[in-house]
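After this come two complexes, each holding subunit A, first together with subunit B and then together with subunit C.
Here is the complex of A and B:
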């Protein structure tokens, strides 16, 4: 998410929306949505949990306004208050030509994977996100530099998308986009997410867009829905366009009545700057061919089962993890092949309306650090 | 459409066998969905696992540490006020991310909770660094030195506007000041 360093941008978009509304025909429609989550995380295996994780209590609030301009055009603005202050999570126009072709222009979350479709805290039953998409609640965030592709990933650009209905049972969704892409500093060894959310970098850092695409096949059979998706994104992330990256992912969602089985896998290949003296910069020496390998590989996976016990109570079991292979900077606590696995058991209780109480316990199993336990208690509400 | 035919075939098979109780449409749909999902997951996992193995980086053995905590010039003492303060105070391409705003003393911006406005605030460290920002006598373990060197332990190398980064002489001054005890001299 991007910090709104220039609050005027969001305000301007909102004013534009309101001004346009007055001039719009009478058949226009405006929708308002919002959500809130207050989460408290404890790390009982540490005396001071914040030494290896975010501060205990975090709040996320989002407010979204969507204005329809007839049947084919709409505009959306969404503001979020999260760990990074006020941020513009959406500011885009949608133009629908047909079911098979829509355009989205502005600031949005490009289509990648399955979880980002429900990344709002009101839309998932655990307090935190799966590790491949972690954006700050994982233990040892500093050492791991978050997940493979933190969610929600918000960026500026243009997206073409559509859906083709082969029959009443089979639907193919697809999207392609060009966005600013992840950012890193000159001579970087990984993405720097702080650069991606600072307001001045609403403008791309290297004037070369990243491109990506997603396809998802949806099959409906009786009370069962199966969605199978594949995603990809590639580009450069440093100001000089010297350092490239590629991300690929596959996802599966099986819904049987109200039971959900979700599985997702992401892999990112990222080029690191070797610097002028790799021996002083890196922890490990040259590979078998006598040269320093400038790439590292980061993989993430998530398997989750969500089972409703009754109308108010859901139980969630999750197994997710990360693996990083490749050289690391000399100061890194990770090795050349590091991994973390996490086991989560949680429950979500609907209190009233869309207000929920979330409870979860997590066991982290690290290859480079001692195991940790994290406990989450959260209250979530939605409009 | 091929997928639809596949689903139908799986649906028909159990109930078509003589002597077996016909499954309900709901159960058949669940079976079909799970079979389709399992096949897809297995195929995708095989492809991705193969890709992951093929892309595994080629990494050599662990290197000995190139950083030494020894003072580079034991015969002389680095002054915080005269030699380190000017390095910290120098505007980096207009950014003073950890310094008081110009003309407004005491209103440090403190990006990441780190203020370099005074010796005391420097030693307090920031959100990520804390007291590890400067460990007297151990420049190689001090986050201040690590963050301006070629191997920052987290985030980007400082100053963020670099290059240019600190010169080798400036890095050596910072190193030696910490190696000598990081005094407020």
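Here is the complex of A and C:
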């Protein structure tokens, strides 16, 4: 098997090749798109915010090229730069048999939940992501180890999907996929997101795919649309396939003209390695049956209201949170039942063209730590 | 959060909703005087459908790409999960985008 030592460079080369290759224009079209966000995050409740968060300035950049090969086949390559450096966020082929049946093969974000569709910072109005999908901007990131399923989750695999309009007002979507899946080290107690990045190669760590599916019902009536979705994913995440996980999610989006109410709930059950001496490894002892429970539950929720005020200004109110239940490593600062709630009030102001200024304030309410405030100022633009 | 805190949040969100419902929504035709009625209808639909996933200006910034690329974009967006864009919607949205492009003859982003 060929393993790319520097997959980011490989993706960059593919992107440049796709962008510069001259093809016959008869049945091919190529689009280029991109976005930039520079966000400054301050944690005024701490002298040095870096001790509990990836604060200060971060840049997120994405560059995407899509090539159509006629009406039923296309290829997309997208590179992203974030806190993690250059990563290939897309490198896939789409083959569409009909609206009801499409195949996607390559490196992509599998369909799970509602937010990942808008995960590009130029598409959503807040600087950061909802806590269930947090990928590194939450306060106490180290203690919480990100959200339930960091977004955009990018992985290698194959996806089958489609949509069908039963009438002009009812649309049903579905998707099923097999991907490499989340990763953790041997003897792990949780996912290690860093193992999914290019520094560790884009290769499955356990030779077993994770599988997942999503189904969503959309009801349309005039300018109002209601979407109700359910998602699931399961597999093993350690190299020996001893540790399993299951993730389930539900999402609701109500759109009334330009007003959006979005709500999502995710829950993940993750098996931890007990090791040879659980008493030394874990903070809490065995249960009433005398055995250690190897599983923990992580739940995440998000409710968000997005309201356009005028031609330039949108306002966002958000309530989201995480809860973790189960044993923890002795080194963890969390307890057996820890939670965080976050309250966000933000605004997004269109400056010029597709450039926006985002401002938001966040109040974190932790069960295990003092409350914290985070303030974001960001400039976002679409290319 | 305390009960008075929750009440304040609820009051603020309610006030924002009232303001939003009274405000003129921004759309593809902002700044274009007296568009034909069929265009107004087409762009009202396009505004609602496109705003589902991204700000409207992510579309208007591409004025000048030509009809073939617009057709590709609209088809790509129609095929996104939960796009709520029917095939007939796609034709109407394309009609709007063609008009918007014609209103900006100086916008050029390369041949289609």
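Going forward, the second predicted complex is superposed on the first by the 355 of 383 C-alpha atoms of A that agree within 3 Å, B and C clash if a C-alpha of one lies under 4 Å from a C-alpha of the other, contacts with A are read in each partner's own complex, and residues count from 1 in each chain.
Methods note: contacts are C-beta pairs under 8 Å (C-beta built on N, C-alpha and C of every residue); 3 or more make two chains touch, one makes a residue touch a chain.
None of these values were measured; they are calculated from a predicted model.
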**Message:** After the overlay on subunit A, what do you see for subunit B versus subunit C, clash or fit?
**Reply:** fit
**Item:** Partner chain in contact with A:102 - subunit B first, subunit C second, else both or neither
**Value:** second
**Touched partner set for A:252, first subunit B, second subunit C, both or neither** = first
**Request:** With the two complexes superposed on chain A, say which partner A:326 touches: subunit B (first), subunit C (second), both, or neither.
**Result:** first
**Request:** Considering only touches as defined above, state whether A:284 meets subunit B (first), subunit C (second), both or neither.
**Result:** first
**Message:** After the superposition on A, what does A:223 contact: first (subunit B), second (subunit C), both or neither?
**Reply:** both
**Request:** Using the superposition on chain A described above, determine whether A:187 touches subunit B (first), subunit C (second), both, or neither.
**Result:** first
**Fill in**
Taking every C-alpha pair between subunit B and subunit C in the superposed model, the minimum, in Å, is 12
**Message:** Under the contact rule defined above, give the subunit A residues that sit at the interface with subunit B and also at the interface with subunit C.
**Reply:** 223, 225
**Fill in**
In the complex, subunit A touches subunit C at residues 29, 31, 66, 68, 74, 96, 99, 102, 111, 114, 117-118, 120, 122-123, 161, 163, 165, 168, 171, 173, 175, 214, 216, 218, 220, 223, 225, 227, 229, 253, 255, 257-260, 305, 307-312, 314-315, 317, 341, 343, 345, 348, 350, 353-354, 356, 365, 382
**Contact footprint of subunit A on subunit B as seen in their complex** = 1, 3-4, 7, 11, 25-26, 28-30, 32-34, 36-37, 40-41, 44-45, 48, 51-52, 55-63, 65-67, 128, 130, 146, 150-157, 160, 162-163
**Item:** Interface residues, subunit C side, partner subunit A - complex
**Value:** 1, 9, 12-13, 16-17, 19-21, 23-26, 30, 44, 47-48, 51-55, 57-58, 60-61, 65, 68-69, 71-73, 76, 79-84, 86-88, 112
**Complete:** Contacts from subunit A onto subunit B in the complex sit at residues 51, 142-143, 145, 166-167, 169-170, 184-188, 192, 194-195, 217, 219, 221-226, 228, 230, 248, 250, 252, 254, 256, 261, 263, 265, 267, 269, 275-277, 279-289, 292-293, 295-297, 299, 325-327, 329-333, 336-337
